[in-house]
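Structures follow.
Shared between the two complexes below is subunit A, which has subunit B as its partner in the first and subunit C in the second.
So, the complex of A and B:
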């Protein structure tokens, strides 16, 4: 009895301390600053319409970012997600055009994503090949395959199913885009998994110290394998939303998308070294970059400058993080 | 048929008539090394079985086979009479074998509490983790053992000694039949060791079979029921502890006798001051520490855990920042305060935490040894490999470092041999002042006597040796002068002649 009460008395400060230490609070402050700055300088920036629009735009990166962050936390990387976005649009659109069924199209896309996840995961976890190399490889292969298959022409969505179109412009209660709802639900579910399910903690442990995880009885390879499958499936979901948005399967879809996601994830405090970071951090990273780009556009700054600024912010954020970590570890 | 330390009485009682674990004819070879050759090892429930042997004798390898970390090349393993095939750590954990590994195996980003339940999180009905239970049970566990560790702390931020306690607690958090401790006390204080012994006796009384690996003979005589000695991968003897004396045990371990652990060859220390520390304070711990170390002397620092010896060691070589005070090495001020300047002036540190601060696990033995002295082997900016290898080979021979070759990755060496390589690193460098923090941690008696002889020789050659130790015999046997610390302050400095165990302990308490 007394033990339980002392333990829960400790919960409050440690939670707060963890929030500070994990940098989510710092990210939140950054996001608020970005919002405040552009609200003051850009007309209509802080309108419900603009906010929800940006949220809708961010939903792709939020969804795929979950997978990216999970793979990072397991100590690996997955940069094949951009190409995957373009690739899964093919089975999706083709099946829908043939069958007029969203369910079949989505199932086909998910099955394809699953296969890619299995391939990536197998090569990294069981064949022991470096994940950067593996996913760089599948990234090129998929992109090349899409170019070859489409002959660099878009395959339009002829079925025009209402349910599919709703994915791009439908809004819950006429306010929040469905794509954002999907992203938020997925974030909540996977965020819960990462913090409160044994499997989520296993991912952290494997990324934190593979050898220790093995000694604790974990199947390290299986954990990594599954992380790649999760990543591919979430990128597939993002790809489906993107296809709905552009109304076709396009060979250039998702070009450089992986780097946007990686940038946001790293900005969100998820370490490439594994074992560190959270999905909340990743999500804040995505939102910061998305609102920043929206606001800068509102100020009339050309895209080139947005790229430069984004790059500088990422380096500064990671440098800050590193300095803090070094101090925490006492030199 | 297994028992939970925290909730005894919940499991069925252990049958004490059949061996808990029986290993027969175990063989294991690594490239270039026969680590185990036809070794038998049997554990009885409720008995404490010490496993002893020199560095590299094969103790940890035997344990890792038990734990499923390594596969065996030959032999059989039975648990309670039934043959088992342990292929992975998971299989071993399922059989109730809990191991406290020699090298700390914790996730540093996790809290202490989470690390304790790493191998099996308690979950609620929905399969979600019961964090409340994890915190409460780990607090209860530490309470029960008597260790003072904060379950909510981030594990990586704790000192090695506390991490070792977490390791120990972790082995007790789940049901167990066999608990193995591979040098669990290497960074614990006498007080904590006695707490640990209470725990071990309690485990035994619950019917758990305990394996205890240590290089400290007095510990083994105190705790063990049975002793098995390995030498060069072979089984030498298994006897009840009552049949052993210090001498027979050492004889079994190293195959020869050691007459004098502290041979003193060097003459009296000179009067030249090699290291002078004045009013040194650090943000973390040290308050106004001043002392001098002379060329040719061994200055021993004693203190209880948390007294600040490691902090002092790190500060005076330039590794940790200081907030005030001056450090002078051989007449020259250590400024700027960093290790680069330190090494240039001729002061080096042999750290207590070799895994995270000293070793480069993936690199071969010779590179680990020559790391600090590449300049000495350089010609026109290139390292003269032949010269480098020769120099390292000299040390390998001198310290009898057990390694198949200079090119073996150092992580594959036994713990004690890793330590010897690190000592070589600094000796090779040609220093004026060497600071050694717990130099014999995890080192067997044979090698200990070699290292003592070596420290003696270094001082004889005119180095000032500053030695941080918590081993009283080592302190009294080796040091010319003894400095005692308590909570970051220097509380006494005395000469070897005027020092007694009692005086030292009094000063250490403050």
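So, the complex of A and C:
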């Protein structure tokens, strides 16, 4: 499959940087167009309340999208994050119900997430199994495991800790939802890592050309291993926010979530071939889709239309991107 | 990651002489499973149960036959599950309004073939990665089927010929099994003994070489997408016959089962390597496990866990064996 076999030809970083800049500019223009269109057609769309609400809703995909984009940039895929959302909600809710401590619950969830990331990362990086197969497998295993453990029933949050509930409806300065704040902080931190820290550049190098990265002395396996751990931990954070929002551990939580995140990431210009894209692009991709779906709902279209339109946009965006790249390469 | 492709090309050359060995392992696995389950639960070997297993295999095998060809050309189709549900609804609706099995079948094939054609064109003409393209199609179909119908499309006419498609028998063998066997044989012969089959392998192994030697690699990939689509059309009609309705919620996760069976059968996601016989064994192993879990009275949710473990384990064993072969 081309996601593993295409080695992206990359030359000078300066040219690449310019390409990124243009890509993000184009996405930004799209976002502004979406905002302008719905502001004109939907009442109360461009209100502080609605904007911040959408931001809060987008926080799940934004948080998990960081991990998804990083794994993509390293040249692999992770489609287990949807099932992971459901899995880590179990230790979170159960520990909180037992101990009445948010800190212990979150630690338990993060520990679970860490283990899942280590398993995925080990199987891909060190055992050498195709990442699509590994994460397809762990996706099945985790979802089945959650069904087995819960008997396909939701486990309610009996502790109802204020701090936990604040994760879903609390707002910083009464304006921005805490979940959005978390997503933005993580985005900034990992964005800084990807662009300005050596490890970020290692990830780009490994995804761009594995052989060259190896010859340059990078530990390719270690880089990929860590990318999967990052992805699992960020999806864990998304899962905690989701559990707070629904107030329980749902066995069906995160069904198809992986596809939504993959779609937004690809829309944001992060290539499956590895080595190309940025977290800013991913974030813009998530926001475009989220505002679009919010606006379409405002127009009174049935939710199914959102799926149809999202699907079309993704194909069109990637096709457009591909055409642009081919023209740039003179072929 | 081009070095991976080269490595797998070399392995294929060496593996060519040991082609049977991967399937030998899978065959042994199947045998062990059958023996173990029948020791624990003797009713496993009853005629009724074997027929039930085969019937469950039929749907997966039909689509997996197309999917094997597609994955051999180094592409993949994640939209088959969503398409399966949509096709069932459309076929049933046409059947209801025309009272004709032929027209219903034709509509189902036309729709599913159209989906395959669309996927193929997006991948080959617009150069969209097939994983992304078919995720997009999957979303469109999932949304589209609910716009088409919010409830199950009931079978109003109860045509005997349509009921037979899913529930009928020829002698002791269910009709879906016969259909699956026919499609499997045609696909097997095509891949194994025809020039077209050789070309499909070649496209997956080294597309550039294929193009340089004057073949239209895009056409071959397009064909594989359409064949997969048509297979979904047939499977969708069988499924709606079995359920006696077109269910918009049918087929959730079906794409993953199909891909799991193909991968388990030793077909490489990198393209150029694999066999339909392996896919057959893969489908059988997965469905025997499913059946075993039910017969042994274990929790049915294990039906998700075990295949997940099996896919990872089988792929890992394949990698180890390849390493051993190279040495």
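The rule is short, and it goes like this: the second predicted complex is superposed on the first by the 310 of 331 C-alpha atoms of A that agree within 3 Å, B and C clash if a C-alpha of one lies under 4 Å from a C-alpha of the other, contacts with A are read in each partner's own complex, and residues count from 1 in each chain.
One rule holds for everything that comes next: a contact is a pair of C-beta atoms (placed from the backbone, for glycine too) under 8 Å apart; a residue touches a chain by one contact, two chains touch by 3 or more.
All values derive from a computational prediction rather than experimental measurement.
Asks: Now for A:205: first (subunit B), second (subunit C), both, or neither, which partner does it touch?
Replies: first
Asks: Which partner chains sit in contact with A:216 here, subunit B, subunit C, both or neither? Use first/second/both/neither.
Replies: After superposition on chain A, A:216 lies in contact with subunit B alone.
Asks: Just checking: does A:25 make contact with subunit B only, subunit C only, both, or neither of them? Give me first, second, both or neither.
Replies: In the superposed model, A:25 contacts neither subunit B nor subunit C.
Asks: If you stack the two complexes on chain A, which partner ends up touching A:276: first (subunit B), second (subunit C), both, or neither?
Replies: First partner only.
Asks: Between subunit B and subunit C, which one contacts more residues of subunit A in the superposed model?
Replies: C
Asks: So, does A:104 touch the first partner subunit B, the second partner subunit C, both, or neither?
Replies: The answer is neither, since A:104 touches no partner chain.
Asks: Applying the document's definition of touch, where does A:141 land relative to subunit B and subunit C: first, second, both, or neither?
Replies: second
Asks: Looking at A:196 after the superposition, I want to know if it touches subunit B, subunit C, both of them or none. Which is it: first, second, both, neither?
Replies: A:196: touches subunit B, not subunit C.
Asks: Report, in rising order, the residues of subunit A that make contact with subunit B in one complex and with subunit C in the other.
Replies: After superposing on chain A, subunit A residues 3-4, 6-7, 209, 211 contact both subunit B and subunit C.
Asks: Which part of subunit A faces subunit B closely enough to touch in the complex?
Replies: That would be residues 3-4, 6-8, 10-11, 14, 21, 192, 196-198, 201, 204-205, 208-209, 211-219, 275-276, 328-331 of subunit A.
Asks: Using the touch definition from the top, list the residues of subunit B that touch subunit A in their complex.
Replies: That would be residues 67, 69, 88-90, 93-94, 99, 101, 105-111, 114, 118-121, 123, 127-129, 131-132, 135-136, 139-140, 143, 151-152, 154, 156-157, 284, 319-321 of subunit B.
Asks: If we count contacts the way the header does, which residues on subunit A are in touch with subunit C in the complex?
Replies: Contacts found on subunit A: 1-7, 75, 77, 123, 127-130, 132-134, 136-141, 143-145, 147-148, 152, 209-211, 259, 262-263, 266, 272-274, 302, 304-312, 314-315, 318-319, 322-323, 326.
Asks: So in the complex, which bits of subunit C are touching subunit A?
Replies: Residues 1-5, 71, 74-76, 122, 126-133, 135-144, 146-147, 256, 259-260, 263, 269-271, 299, 301-309, 311-312, 315-316, 319 of subunit C touch subunit A in their complex.
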